[in-house]
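So that you can tell them apart, the chains are marked A, B, C and D in the order they are listed, and the count of residues begins at 1 in each.
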Amino acid sequence: MNFDDINIPGKLVPDNYLQLGLSAQRAKQRSFKELLEKRKLPVNGWPDEQIEELVHQLSSLDSNNFPHKLGLGEREARIACRLVARRHYNFGHGIGRSGDLLEAQPKAAGSTLLARLTNALILDFMKTVGQLPSCAGCFLVPICTGMTLSLCLQSLRKRRPRARYVLWSRIDQKSCFKAITTAGLEPVIIPCKAVQGESLHTDIELFRERIEVLGAESILCLYTTTSCFAPRNSDNIVEVSKLSQQWQIPHLVNNAYGLQAPDIARQLEKAHRVGRVDYFVQSSDKNLLVPVGGAIVASFEEKRLQDVASTYAGRASGSQALDVFMTLLSLGSSGFQTLIQQRNDNFIYLKEKLQKFAESHGEIVIDSTDNSISLAITLGTLDDAGQNSNITRLGAMLHMRGVSGTRVVTPAQNKTIDGHEFQGFGSHRRDLKVSYLTVAAAIGITKEEIDKFLGILDKCWQQLKQKSK
Amino acid sequence: MNFDDINIPGKLVPDNYLQLGLSAQRAKQRSFKELLEKRKLPVNGWPDEQIEELVHQLSSLDSNNFPHKLGLGEREARIACRLVARRHYNFGHGIGRSGDLLEAQPKAAGSTLLARLTNALILDFMKTVGQLPSCAGCFLVPICTGMTLSLCLQSLRKRRPRARYVLWSRIDQKSCFKAITTAGLEPVIIPCKAVQGESLHTDIELFRERIEVLGAESILCLYTTTSCFAPRNSDNIVEVSKLSQQWQIPHLVNNAYGLQAPDIARQLEKAHRVGRVDYFVQSSDKNLLVPVGGAIVASFEEKRLQDVASTYAGRASGSQALDVFMTLLSLGSSGFQTLIQQRNDNFIYLKEKLQKFAESHGEIVIDSTDNSISLAITLGTLDDAGQNSNITRLGAMLHMRGVSGTRVVTPAQNKTIDGHEFQGFGSHRRDLKVSYLTVAAAIGITKEEIDKFLGILDKCWQQLKQKSK
Amino acid sequence: MNFDDINIPGKLVPDNYLQLGLSAQRAKQRSFKELLEKRKLPVNGWPDEQIEELVHQLSSLDSNNFPHKLGLGEREARIACRLVARRHYNFGHGIGRSGDLLEAQPKAAGSTLLARLTNALILDFMKTVGQLPSCAGCFLVPICTGMTLSLCLQSLRKRRPRARYVLWSRIDQKSCFKAITTAGLEPVIIPCKAVQGESLHTDIELFRERIEVLGAESILCLYTTTSCFAPRNSDNIVEVSKLSQQWQIPHLVNNAYGLQAPDIARQLEKAHRVGRVDYFVQSSDKNLLVPVGGAIVASFEEKRLQDVASTYAGRASGSQALDVFMTLLSLGSSGFQTLIQQRNDNFIYLKEKLQKFAESHGEIVIDSTDNSISLAITLGTLDDAGQNSNITRLGAMLHMRGVSGTRVVTPAQNKTIDGHEFQGFGSHRRDLKVSYLTVAAAIGITKEEIDKFLGILDKCWQQLKQKSK
Amino acid sequence: MNFDDINIPGKLVPDNYLQLGLSAQRAKQRSFKELLEKRKLPVNGWPDEQIEELVHQLSSLDSNNFPHKLGLGEREARIACRLVARRHYNFGHGIGRSGDLLEAQPKAAGSTLLARLTNALILDFMKTVGQLPSCAGCFLVPICTGMTLSLCLQSLRKRRPRARYVLWSRIDQKSCFKAITTAGLEPVIIPCKAVQGESLHTDIELFRERIEVLGAESILCLYTTTSCFAPRNSDNIVEVSKLSQQWQIPHLVNNAYGLQAPDIARQLEKAHRVGRVDYFVQSSDKNLLVPVGGAIVASFEEKRLQDVASTYAGRASGSQALDVFMTLLSLGSSGFQTLIQQRNDNFIYLKEKLQKFAESHGEIVIDSTDNSISLAITLGTLDDAGQNSNITRLGAMLHMRGVSGTRVVTPAQNKTIDGHEFQGFGSHRRDLKVSYLTVAAAIGITKEEIDKFLGILDKCWQQLKQKSK
């Protein structure tokens, strides 16, 4: 609605009062103009009302919301349930067109605008807040991180139809691995190296060896992971990227929740500088605090993204773009910067507290320097002669008391995924000796949560110890 | 909230008034109980308040909504923007677990309940409203129809790793075809046969021939389509299913918007009875009137579904399940039955009106008997010596006047998709002679829309005719 | 938000798609313009989104919603709870200024616009839908009907400071009477006359007599009631208005739910034509289907309204104006006309059905011709020798079965209100002989409700009869 | 909804996951139970979801929300517009019954509960947060402060029908005075005394004199005001209460925004201890940060409240109760305590800053010790030879820059209200010499607002000074 062309009589409201009200709209209108024309993340978050006003205006540009709309096709974005229409702000047409996520949708100018604007804001986010100035392009894919990684692999296959191997630095997270098998490709597992018997690093030598053995042309890509559970470290993506460049094999990075960690950003930038990174993929929910459901595929070369976008066979949900769009506008870059800074501080705080706890209980926090999100504390003294009953009980006790996200890892857990057997699954290695507990300080965590957690951990520990007696 | 264990003093409200209020809750509570215990689509739609009450209660079972929650993991479903949290009713954890869409999510009992309940209600819908009593199982996949078809192909590949061909009855809808190439498989295109030069039918003989030539073991599956634009007909899935059974080759049916057409349901049931259908996939938005974003994969054999579910690499968006859940409860089976009946009536109405229009303008409505959703009317008399300028202008004119969904198809449009060339793209055939316009009567269409459309069509036609003079 | 001055690049959305979207906004913008410039009730209701867009735009004109707002006063419309802000669309400043409900509020151009626009729409409603073309002005008062009547009396007192009597045609509805005592005035009760021993009519002669006895100058006003429970009839406002004019005594009409009854409108118009009506007051919830809380004071002379408006001591809630505004826009005049027509039809339907019921049970529906909303059916045959236990049980039984709004009236109920004793309270008369049940067909009632009610009434009746045996 | 009696099969969700979710509900259920059973303001605010759950449950107890509802009366709380129903959480029946705000409404157990619970919470708020432990009862009236004061006067009149004078300590706030004339009573204005020629105090001697002259029995009540604009001070309610007790004349206190100032609470408590206070009335919006529309009438003697409640002629809006209820639960006592503490600190901060500003500009902040909310700074040096054009321009300039709530007061403004003439209106005195500006630090103000305001004041001042040169 636009007051400009409406002649509001003084009988309704005195003109001087009205003018004051109208002039207050100008700042808001400037924000809209700037956002649409410059497509940069605003520094300060917008109030809810302003976000909703924009979203409503965008959705009114979609044909299903035209007052004179006549729908004679098979897909007219009719929404039967008012509650559903309301929660989607009347967006119904999704994004993309006939199997290209980045194409404009003729029936839906508003959805198209929303999707592209969201991608532009994410790009600005990556470059500034995410400290990845070399990032050349990115877009939101409304499927999970694992499926997005799979989509990247599928689009690489179109370029390298004869290559079938994916060289993958082992990380014991199921969907990460499934991304390969779902695409119908052959995983070649590169186990990590344990340094000082404990923290896990990328085995660059083995990567090289496998490339030589299998032959570069038969390898679809090298596939690494940054953010992960301690004591595994972020992969040495710098060295892998050099191999990638040297052998001209694409390099795919699973950066699931790495956008919140500046040191990972530095490694990505360096890898790009000294070697090759084709795509790096991150979860939208883990980094941007939206509900589960989307991932961001990014590249240092914009044109590479088109291949991925056109691999998605169909029109996709616009719901994830809406979540990310609203969240980015709501927090602004300063809001996100604050969150990232707090996470950083809280990680250090958690580490110190956990080390103190470990010391006083005869345990250690495993030194995984290249992991700035997750920590692992050994549970050796809880061990009841390898029975692990105390140790698994600890996990359950924490869970029962409201602690979520910690994981107890014990030796000798084997698992078969799509025909591939993993010894010591969960520990990223075959030969784990001492059980441990992983704890993460992810974006959004508060100091209060850390304090309460440590209090609970202590109580549970004491209870278990007493029982053992 | 539960009034049962609260002792509300008469000072707050006289007991007889309160009892009247409380007893009115019992019918509602019975509905909840019945829904969760029997998992059947209610006959009558629920009021909005009741739907929201259930949804809120379910989301409160997810760990991110626990009051005493301490999140020490990397994914804690924190939602930063209140507007986003609100529109998702505080659901944040998505559905599925570690690459299995049907597994329960330990952090999210509510999301798990929602997802499974939704699948149960969809199954009931398919069996009763959808008239597919033999349907043995189904689930909602939060990706589009094309990608879901691709997921089915990928899961079939796990069972038949050496088969690489997909025999596909041509339909000129891009994502339908891309489902094959995205999965990295080899499409074998089976052109349709034109009957009486016009309407298009499945070429069963050619299917058989190709199977014999390529060898059954090298063929991943036969891939047919039911709902489609006229004058193409629904594929002869009954005969293809016989081939499928005979040669033991899986059979995948793209039933995109076929749930709204009882005759397609009958064909599916028959195909299952006399032959083999492994999966049939339908769009959730086209059939259930929710926003774009999901598809339903169904089977006559429940265990086959697990393969597809576990091919999805990761945890998925729960947003689509929420939409479908709310919509199903809001309309109830009677609401949907009414919509389907109306669509049926409106298709007949549209057909009659269009035939009258055709007659009076020297055109015909092409006789595609096995298509009960879409109609094609020839545009021969508009043709200006093969220039097609009048004909394409008609499309634009309709669009400008609020008509969406109609498609003008002209001869000699070629297109290459993922390296495969299609002659006469859009017409499902190489040798189209006369241009035509397609019009569909899909679920939700009103008689009023049809009348207005015909009025507009008539006006545009006259304008074009006059200009031509 | 206004797209006009924003330069949206083709990179974001192709210009032809965008133009289609923008042109669809023009019809909406025209509706806004027309509403604000002409201030007439739209014929067709607006969609929810359009209503909310306007309301949001209006509230953004209030100073509490200015982005650069600095509040250094004692009342800055800060809203602490987001849920509250949201449900009020961020309106916080209320309406009116320093004790004048019709004055503009300097801090709140939007609230002012909303309030005045609402009053303009109500006026249009009264003239057209309400069939009161002579109505010269009206405004919404955010207090109940009784208090609004009291406010009218208080404002009349300012004009006639020495007059203290209010001549009131008895109606047994408490707040109606309290309106007089709350204002500190002296009620003079004019009992109704029973015609044929049953239906109750205004005693014009007694009115005249009292005027002569007390003296016109000592009488503040004559106070009549239109809509009421049968068998009382609408007061003979035409004759009272003649007395009012003859003696120059103001005339106040309680038209609580009379806007839904065209025959009452006719009487009001006639009373104005042949005599004098100063104010007529109607409930907003009973006529416009909004929550309880407001009343409309109207007059055939616009300037008289100012007196009432400036009697309200303070700034008032804007919540009622918002409800009425949204409801009027949502239904449009056609929506309300339909409701009023349906009510009319349903009244006739209810009357016929009730008469049949009465006949078959040896009762009668009392003939109150000048009451077109409420009906009274005698309960003589249920009477158990004057014990009334059966009769009161009937009321409770109906209530327990979900019937609300019916009233059982039995003889000999006395009540004292503010020192005034009423014999036979509830029946509007001292000498009720036979108990009866009142039933109303008010706006919004459905045929289905009537049918179900009659079924329940029949069942209860039979049970009571059987017990009596 | 209640999970307790529903047997959720493990097929839907594993029982251990479900149990975790269900046990998390118990704390919430305990909060509901405690609130309804103990009726105390919770210490910590509730999350939005919990508030809405309770509100929805309450509204479902009202008959208009019963699924089997049959409405055969004239007022059935049907709500025509969904948006309106939604914003009222389906509450439609309002509060009170037939002219008693505190009575239960038979059709609406939920509304009744809500209203009474709200009153109970407000009472707890008054006693604890408001530091008025002797407060014996209070209730929310859904009309503004002025009308509520008028309602109190009207209810006092019922007790003292022959008394007609109201002795009122002058305060230049219109609705405050109108409360008397609207009730049809005779105001006797007691001018304030200027101490040291500047700050204004209650003239106790004059009160005494007037009582003696008019006679106690002819005086309805003494009427004082606490919170007000500087340089007027809070009335000396302690001394007035002594007069009240001595002469047995009721004492009404306008405590409009006094709940936020602990020193006023102390005075009220003392006045009650040493003398008599019948009612004290406060604005709900000014103290509780809800939209304009309600007031709280409180008393140190519970039974006195009934008189006021039963003076309201009709059923009233429940909207204000809903706002207050949600706000109290949202902030909890700790939230409000924090706000009150901040206001206190900010008042001191504002005072210091303003004094510095005054000093450096040759002005003074008038010393009104008994006013802890509002401050007055003289504008003597801006005066352009009594033209006041500079001074009024200052007001406009501040307003234009987003400052609201400050007031410029100049000498010699006269005003007539309801026939009573006020010389020097706005200054609470006849003989103002020097213009001044009032500034308030009310609840919710931030330090940032104060700083920005002072910056703007300084700039405006300089501009005016420069122009004058």
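As a convention for this text, contacts are C-beta pairs under 8 Å (C-beta built on N, C-alpha and C of every residue); 3 or more make two chains touch, one makes a residue touch a chain.
Every value quoted in this text rests on a predicted model; they were computed, and no experiment measured them.
Colleague: What is the set of chains touching both subunit B and subunit C?
Modeller: Chains in contact with subunit B as well as subunit C: A, D.
Colleague: With contacts defined as at the top, give the pair, A-D or A-C, that has more of them.
Modeller: A-C
Colleague: Could you figure out which pair among B-C, B-D or C-D mirrors the A-B interface, over half of its contact pairs being identical by residue number?
Modeller: Looking at which residue pairs coincide with A-B, the repeat is C-D.
Colleague: Can you name the chain that lies farthest from subunit C, using the mean of each chain's Cα atoms as its centre?
Modeller: The most remote chain is A.
Colleague: On a C-alpha centroid basis, what's the spacing between subunit A and subunit C, in Å?
Modeller: Comparing mean C-alpha positions, subunit C is 57 Å from subunit A.
Colleague: Using mean C-alpha positions as chain centres, tell me how far subunit C is from subunit D in Å, no decimals.
Modeller: The computed centroid separation for subunit C versus subunit D comes out at 29 Å.
Colleague: How many angstrom between the C-alpha centroids of subunit D and subunit A?
Modeller: Between these chains, centre-to-centre, one finds 49 Å.
Colleague: Tell me, which residues of subunit D touch at least two other chains?
Modeller: In subunit D, residues 20, 24, 52, 63, 66, 68, 82, 402 touch at least two other chains, as defined above.
Colleague: Okay, in this complex, where on subunit B does subunit A touch?
Modeller: Touch list, subunit B to subunit A: 48, 51-52, 63, 66, 68-84, 87-89, 91-94, 98-99, 107, 142-147, 149-151, 154, 157-158, 173-176, 178-179, 181-184, 227, 229, 256-257, 283, 285-286, 288-294, 311-320, 322-323, 326-327, 330-331, 335, 339, 373-374, 401-407, 418, 439-445, 449-450, 452-453, 456.
Colleague: Touching subunit A in the complex: which residues of subunit C?
Modeller: 1-9, 11-14, 17-18, 20-22, 24-25, 27-29, 32-33, 36-37, 39, 47, 49, 52-54, 56-57, 60-63, 65-68, 90, 104-106, 108-110, 112-113, 116-117, 120
Colleague: Mind pulling up the subunit A residues that touch subunit D in the complex?
Modeller: Within the complex, subunit A touches subunit D at residues 20, 24, 82, 399-400, 402.
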